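One chain, chain A, appears in both complexes that follow, with chain B as partner in the first and chain C in the second.
Showing the complex of A and B:
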């Protein structure tokens, strides 16, 4: 095969055995790779009603056909399982080196089944694959684990691992690779921890081949040129990182502040990309094959919050910053470093602390609950302390480790959790940006911006500006973005490549790489197929239209001031049209005809 | 006039695109392992350094080559080689202080930068201009300019 390697690794952790299987060509064609292929395998092999942290869950690392090539910014692999935070299907993607390295070793995906009796890690050196003891690594953070495994194997190995967060089953634990790259959101790291699997380390010395070299070369060059010439993809992201969005969202009154009580933050400028660049940036960093370089190598010299690593990204800066009422960039960055080291999702961590601050200021919890720490909005030291407590499994940190929904519910006030399907909404206020609200409500892994990033048209004007306050046409817009993203996540490309290229370019790259001809329509249809597949998994897991909603604060409480003053999210105006355009019935269930059309 | 491959590690983001372009151009496949240029990265410090053959004037690989397979090629500003003369003894690998030349038995060949015959693919693809193919006497021009700009800023602050 070209593009694909044609081989999948299956690891039975309970038995300690490894076997290699071939990738069926028809499966590859229909579900492409990455998120699509792994979701298909999960749906075929896992009962959607299981406890996500039981040995019956499976954990799948999956690459795409473009991984390992020089298609611009195409290094993303996916980690797929039933997610413990949401109970939905979870697919988390990450860039860096891991995906390409797995391809060079000769594999498209790894399926982990069961639970190891004792902590282990998987070491792959080309054809040789072995499970090794990780008992000495248990308890180590992600940076230490990466270093130790490289010492024991190969200094150029790519290591994807969990930290103490995943080991302690923090429900929003990440899988981290190359220390700073996160398969975040939805808690795939906790699934890894539940399996006693500490890490997957890979060194591949082989090749990735494409079907038509000359066509692939020119398609890549055309795609690169489009991204380089794009204002965001070519310049904005490298200069300021994703954190450039702080001031942009604040200006339109869409920057959720103090647990979504408000939608503008007076200290925004202090935590935005411009300040980050001026104060803590060492240099821009790129994932493997990336021409965008949005990564931020940063360093904090102030010993109070000292450290180094990467970040913060926009959503991270928002979660630990404005959402907690905090304008201290050094504290935000420290919280980011702690999360990377522990392997925890920064969006859920920050939002859960914001939720706790809201509960505290409303007298629902007191210092008796919080180990004596006064949790007021704006208290940077308290925020960093809460991250540390969560990472170390100490006192109130054990409650924070459950995410905001379970935290607020345990005190009888789930309405304080700004989440959908128990996953926290990221940094965009759906009252100021209507379409993203519909996307949060319908996303297959709970509230999430990277399932259908309508912020691009609604706020950034890419590929063209759409009114952020209207609900007209948003159902259609959301569907296009959701399907495109599902297909894109399956190729190995990074979502940011869409700041320059679209479905047509991706379909062409995919065709030249694999030799399977994908038209733009085929490509979008694959995305729709994957979206419906995920939806069916969630319906079987017990979700229904009732869960496609937003917190009351977003649907009922008007924004008090700023450009979005008086607004709520008008989800009810968009959702019926969304179901109808999706070919689903009024209760959000895909019709037989639709499933037949998609070959599901 | 002589040209050289100039490397600016301070601009490198660690994307490895140079390795991909190199292996795809020479071998028709994406295989960083046999790229003629190699990027070493330190993720926590956020630092990356590309290394490759520096095309020595007085090249140890040429000096130790027992068959004259490796030779100076001043016309193309490089150290070149003749596959036919190579006996696969790997003396060049032992002698090179930069680790820039290896022999691959599987394909019976020397793997070393040939500057793509004057139009290096790695330079063309580098998204941040961390690599440049430039007149050797102009190679430090950008650094001189960068220092001058810093000095100018400081001077203007003091003078104003």
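Showing the complex of A and C:
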């Protein structure tokens, strides 16, 4: 095969065995790789009704055909399992070097089954694969784990691991690679912890063969040029990072503040990308083959929160910042470092603390619940302390480790959780940006911006501006973005590549790499197939149209001031059209005709 | 009338983060931009195309509303209005 390596590794953790299997060509063609391929394997092999933290769940690391090639920004692999935070299918994407390195070792994917009796890690050196004891690594954070495994194996190994968060089954634990790159959201790190799997380390010395080298080189050069010449991909993200969004969302009245009670934050400018660049940035950082470099290497000067590491990105700055009423950029950055070290999702962590602050300020919880810490909005030290408690499994941190929905529900007030399908909404108020609300409601892994990033047209005007305040045309817009993203996540490309290239470019790259002819329509159809596959898994897991909704605060409580004053999200105006355009019935179930059309 | 201008990202290098501008009644976004271009000639090609249209991905807000959804460059300004100016940037 070209583009694909043609080999999948299957690891039975209970038996301690490893075997190699061939990747069926038809499966590869229809589901591409990455998110699509791994989701198909999960759907075929895992009962959707299982407990996600039981040995019956499987954990699949999956690359795409473009990983490891010289296509621009083609670093992303996916980690797929049934997610413990949501109970939905979970597919978490991460950049860095891990995906390409796995390809260089000769593998498209690794399937982990069962549970190891004692902590282990998987070491892959090209053809040689072995399970090694990780008993000495258990309890170590992601940085220590990465360093120790490299010392024990190869200093150029790429290490994807869990920290104490995954070990303690924090429901929003990440898999982290290269210390700071996160396969986040939905808790795939907890699934890894439940299997006693501490890490996967890979050193590959091979190469990825493409079908038509000359055509692929030309297509890659054209794609690179488009990204470089794009105003955002070429300069904006490198200079300011993703955190530059803070001020834009704040100015349009769409920056969720104090657990979505308001949609503008007076201290926004102190935590935005302009301030980050001026105050704590040491240098931009990029993943494998990246020509964008949105990553932020940073250093905190304030000794109270001292340290150095990576971040924050926009979502992180928002979750620990405006959503908690905090304008202290260094405290936000410290919280980010702690999450990276523990391997925890920053969006859910910050949003859960915001939820706790909301519960506290409304007298539902008191200092008796919070280990004596007054959890008021705006208290930066209390926020950082809550992150530490969660990472270390201490006191109130054990409740925070369940995410905002289970936290609020345990006190009889689930309505304080700003989540969909138990996953916290990211940093866009759906009352001010209507289409993203529909995307949050329908996302197959709970509320998520990177399932269908309609912020690009609704706020940023990319590729063209559509009105953020209206619902017209949003169903169709969401579907296009969701399908495109599902296909893109399966190629190995970074979502930010789409700030420059589109489905036609990706289809061309894929065709030249694999030798399988993908038209733009084929590419989008693959995305639609993957989206429907994920939907079917969720329906079988017990989800229904009732779950395609938003918190009451978003549907019923009007924004009180600012540009979005008086707005609620009008999901009911968009959802029936969305189902209809998807070829689903009124209950949100794909019709037989649609499934036949998609070959499912 | 008094207008508050807020600039972000690269535009801050030229305009600073926030300034108060005095404009005549009846002024539009275009009037405001021309005033800025008079003071900062290098800004024009960053904001407008050679045909005088707002460049793709440049964001101009009047009181938080993108002028694309108002009357574009002909959007009228009122006393105490706030105008926000963003170069092409993105995140997620």
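For this structure, a couple of remarks:
Just so we're on the same page, the second predicted complex is superposed on the first by the 600 of 600 C-alpha atoms of A that agree within 3 Å, B and C clash if a C-alpha of one lies under 4 Å from a C-alpha of the other, contacts with A are read in each partner's own complex, and residues count from 1 in each chain.
To be clear about the criterion, a residue touches a chain if its C-beta (ideal position, glycine included) is under 8 Å from a C-beta of that chain, and two chains touch if they have at least 3 such contacts.
Please read these numbers as outputs of a predicted model, since none were measured by experiment.
Because the two structures share chain A, they can be overlaid on it, and in that overlay chain B and chain C fit beside each other without clashing. Using the contact criterion defined above for the overlaid structures, shared-chain residue A:228 touches chain B, although it does not reach chain C.
In the superposed model, A:21 lies in contact with neither chain B nor chain C.
When the two structures are aligned on the shared chain, A:371 is found in touch with neither chain B nor chain C. Figure note: vertex chain A, arms to chain B and chain C, all at CA centres after fitting on chain A; angle 80 degrees, rounded to a multiple of 10.
When the two structures are aligned on the shared chain, A:135 is found in touch with neither chain B nor chain C.
When both complexes are overlaid on chain A, the residue A:69 reaches chain B alone and has no touch with chain C. After superposing the two complexes on chain A, the closest approach between C-alpha atoms of chain B and chain C comes to 14 Å. Common to the chain B and chain C contact sets on chain A is no residue at all. Chain A meets chain B in the complex at residues 68-70, 97, 104, 143, 178-180, 204-210, 213, 217, 224, 228, 238, 282-293, 295, 297-298, 308-310. Interface residues of chain A, counted against chain C in their complex, comprise 231-232, 236-237, 239-245, 247-248, 251-253, 269, 272-274, 294, 313-315, 449-450, 453, 455-456, 460-462, 464-465, 467-469, 495-496, 499, 562-564. Interface of chain C with chain A (complex): residues 6, 8-10, 12, 17, 56-57, 59, 61, 63-66, 68-69, 84, 86-92. If you check the complex, the residues on chain B that touch chain A are 10, 13-17, 20-21, 23-24, 27-33, 43-47, 125, 127-128.
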